[in-house]
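Per-chain residue numbering starts at 1, and chain names A, B and C are given in the order in which the chains are listed.
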């Protein structure tokens, strides 16, 4: 991990859209071909830059959703109603369009298969994106690290990557959902916001010293991280990434 | 410092961004007009209860002054409509505020001071020449758009000094310190311009 | 806790642009309370410029002001910064 520390100055790379894939209502995965892409680690993100014809620029950060060894990179973007960039990425972009991005960036919120487990991944909404990269990396590497994903979503139709998570479930991976606003008729799972009791039930026990990654909106991350530490997880084992407006 | 890339920025088809950049003599150089009111902050939002809030005039003055919230709200106030310009490049035209003029707060104060430091809950400071907050140029604002000023926008009260970049209008202001020497504030010591005139595009230290 | 607050991960690209090394794993010791945190775990606020604050005592650790060709980095509250070389 130390070798990757000295990376030199970042440059803006041209990324071309090769596919746009709907995930849920308002969430799309965009597949990019990026000549010169240096590869990345699960959990890292890119800065995206858009320039208008008159030179006006907007910049946002998005987590890389794809596994590290993929030849293309994928970003999963949630359309924010009052957003400036996300509506463009999710509604305007089409195959052949080009944007600029730089990366990969971030070495703190990263999981590599060589670390092993156990792993606890806790996601709020679109916070699942970097954690999905970790699960995809885990699968590609053939890792058997014991892993639990606790994913909080508004409703069953809001669960991003739902089908793929069902497919990956098993083989050392346990996927637990909580649906905070609406639940299907026969739902027997969690139906409330993530709290200490839920985290204790989902596990693993703090004595197993799992690597914990928490990602989502700031209030979600604050509440979950605090609960984890109160349950006995060592703060240095709990890594957090807060999602929110990253305009720069 | 050489740019890491020789290639000019790539224009993305169909991207406009959320702004209206119609050229106007009301828009300083390098600014874009927005309909939003972006929330920018150097730190966490303070939540001082009104019972504990006060506003003070301190420093090189003949007598210190202080108002509780009730006393402050009993002072004569004005409705002002002004354009505001943030150094991060957005401008917002015709913003409507209600506030107490700094002239009212300094009425009768004797001082040889030429500079002012705005000090705030949370520790933020910014400096302005005294003549830039007097003569009808500045207010302590407690309402925006006809509503009490929200905490995220600086409530219960913030400075309003519209002729300078908006970092010179401190949120959560608790008073003015008058001084005979200029004392650069939080952003002025960390890279932004000491004066901050948007019409001369004085964004950064040394510009 | 502000809903708008983010963390050091959100400015990883900016930091790498300025320092030319991966910075979110750098460890900063707060000059206020002495706590040591990974930069990725510090609280980040966007004002006129970027402010990184200690997650424990909220002291301003680092400020970043930037235009296209210049960056001003202030260290109002960092005692030491440990970077992997």
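Rule of thumb we're sticking to: a residue touches a chain if its C-beta (ideal position, glycine included) is under 8 Å from a C-beta of that chain, and two chains touch if they have at least 3 such contacts.
Keep in mind it's a predicted model, so treat the numbers as computed, not measured.
If you compare B-C with A-C, the chain pair joined by more contacting C-beta pairs is A-C. A summary of chain positions shows that the Cα centroid lying nearest the centre of all protein Cα atoms is that of chain C. Rounded to whole angstrom, the centroid-to-centroid distance between chain A and chain B, based on C-alpha atoms, equals 37 Å. One finds 22 Å separating the Cα centroids of chain A and chain C.
Within chain A, residues 9-10 each touch two or more of the remaining chains. In chain C, the positions touching at least two other chains are 1-2, 4-5, 46. Within chain B, not a single residue touches two or more of the remaining chains. In the complex of the two chains, the chain C residues touching chain B come out as 1-2, 4-5, 43, 45-49, 51, 53, 58, 60, 63-65, 67-70, 72, 74, 76.
Interface residues of chain C facing chain A in the complex, by the touch rule stated above, are 1-14, 16-17, 20-22, 24-25, 38-41, 46, 83-85. The touching residues of chain A, counted against chain C in their complex, run 1-2, 4-10, 45-47, 61, 102-103, 105-109, 217-219, 222, 239-248. Across the interface of their complex, chain B is touched by residues 9-12, 14, 49-58, 82, 84, 88, 92, 97-100 of chain A.
The part of chain B that touches chain C in the complex is made up of residues 1, 3, 39-45, 86-88, 123, 152, 165-167, 186-187, 189-192, 203-205.
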